[in-house]
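Reading through the structure tokens given below for one structure.
Chains: A, B and C, in written order; residue numbering restarts at 1 for each.
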Amino acid sequence: MDILKVRSHQREELVEITELVQEKLKESEAQEGIVILYVQHTTAGLTVNENADPDVPRDMLHALRTLIPQHGMGFRHGEENSDAHIKASLTGPSVTIPFRDGKLLLGRWQGVFLCEFDGGRERRVIMMVR
Amino acid sequence: MDILKVRSHQREELVEITELVQEKLKESEAQEGIVILYVQHTTAGLTVNENADPDVPRDMLHALRTLIPQHGMGFRHGEENSDAHIKASLTGPSVTIPFRDGKLLLGRWQGVFLCEFDGGRERRVIMMVR
Amino acid sequence: MDILKVRSHQREELVEITELVQEKLKESEAQEGIVILYVQHTTAGLTVNENADPDVPRDMLHALRTLIPQHGMGFRHGEENSDAHIKASLTGPSVTIPFRDGKLLLGRWQGVFLCEFDGGRERRVIMMVR
């Protein structure tokens, strides 16, 4: 088990963690199985998406913000971050990625991202190999 | 393997199951690994989110209902619960949570919830430890 | 490990793969555990939902298209498929399904679907049994 510490710098940001995960997987010396990543927070999620064009993460955050704005939806939770809680559940708290020969079986355009919805902060992601 | 039976009382409701899952995990005597929860229904999901302020689950259901109302979107499915099917796929049918020393590695504010979108009913959640 | 090749024929389509997954599981001769399905693409996802009435997948695609249309949201990504990337992250790149006695523990109405958001294409889904 590893704990990855991931730093975000903006309120909403997709922080790529692909290389960090691949490095930890290499250190584990496991050859075939699944990597489980799990974020220990309620206003951040994890996802897999394109890591080539930065406009893809930008468009994703833009669309989520358009659908679920921080203000104006009649939220009652007093911390003014209900939007972040909801986006976190929509992207989800975990991703499971298969690997073989010690390498994540990501598609050509896929990267792994921490989805920050209420940053910037340091976030904790648990990584397990099974 | 365990089958958790979870009772909902309203059409839309987030029912916390954290303690139930932690108890079953303790009974299994497993020390480190992952818990997989899987809901055997198409109008309910599973998620992890804040369990401290009840306004967080309330705001989540409110936002989903605003985006995907039960009526008025031109749905064709005759049971008048297409909204519930869609919300179930958005939250997702399963969550995977790592544990160590027999304890779920939840963050400080995290709880595990059955997301009921077409209740109240008794729902079945499969739990596996690996 | 298996690689499932799944063919879609429309830009947006839910392609059921339940039988294909069940067959591969049978071939593996595993009795109890979890099946992990992982799509190696950034404009397609995986989900579990009702496979009885084709209006359910239809309504799901309709709702997602209503919320996140291909054009008109101010997307910057040049390939005109930002909507597909976002829908892929909302449904998610993987599903984890428990099985026992060599059979997927699906609910009565549940089927497994590849969610195509930018087809028709051949898609690759990694399947692992643990």
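Here are some notes:
Methods note: contacts are C-beta pairs under 8 Å (C-beta built on N, C-alpha and C of every residue); 3 or more make two chains touch, one makes a residue touch a chain.
Remember, it's a predicted structure, so these values are computed and weren't measured experimentally.
Counting only chains that touch, the fewest steps needed to get from subunit B to subunit C is 1.
Looking at which positions face the partner, subunit A and subunit C present mostly different ones, since fewer than half of the interface numbers are shared.
Between the CA-based centres of subunit A and subunit C the separation comes to 20 Å, rounded to the whole angstrom. Taken residue by residue, subunit B touches two or more other chains at 67, 90, 92, 96, 130, whereas all remaining positions touch fewer. Of all residues in subunit C, those touching subunit B in their complex are 32-34, 47-50, 53, 55-56, 58-60, 62-64, 66-67, 90-92, 95-98, 100, 105-110, 130. Subunit C makes touch with subunit A in their complex at residues 1, 36, 38-42, 67-68, 73-78, 82-83, 85-86, 88-90, 92-94, 96, 124, 126, 128, 130.
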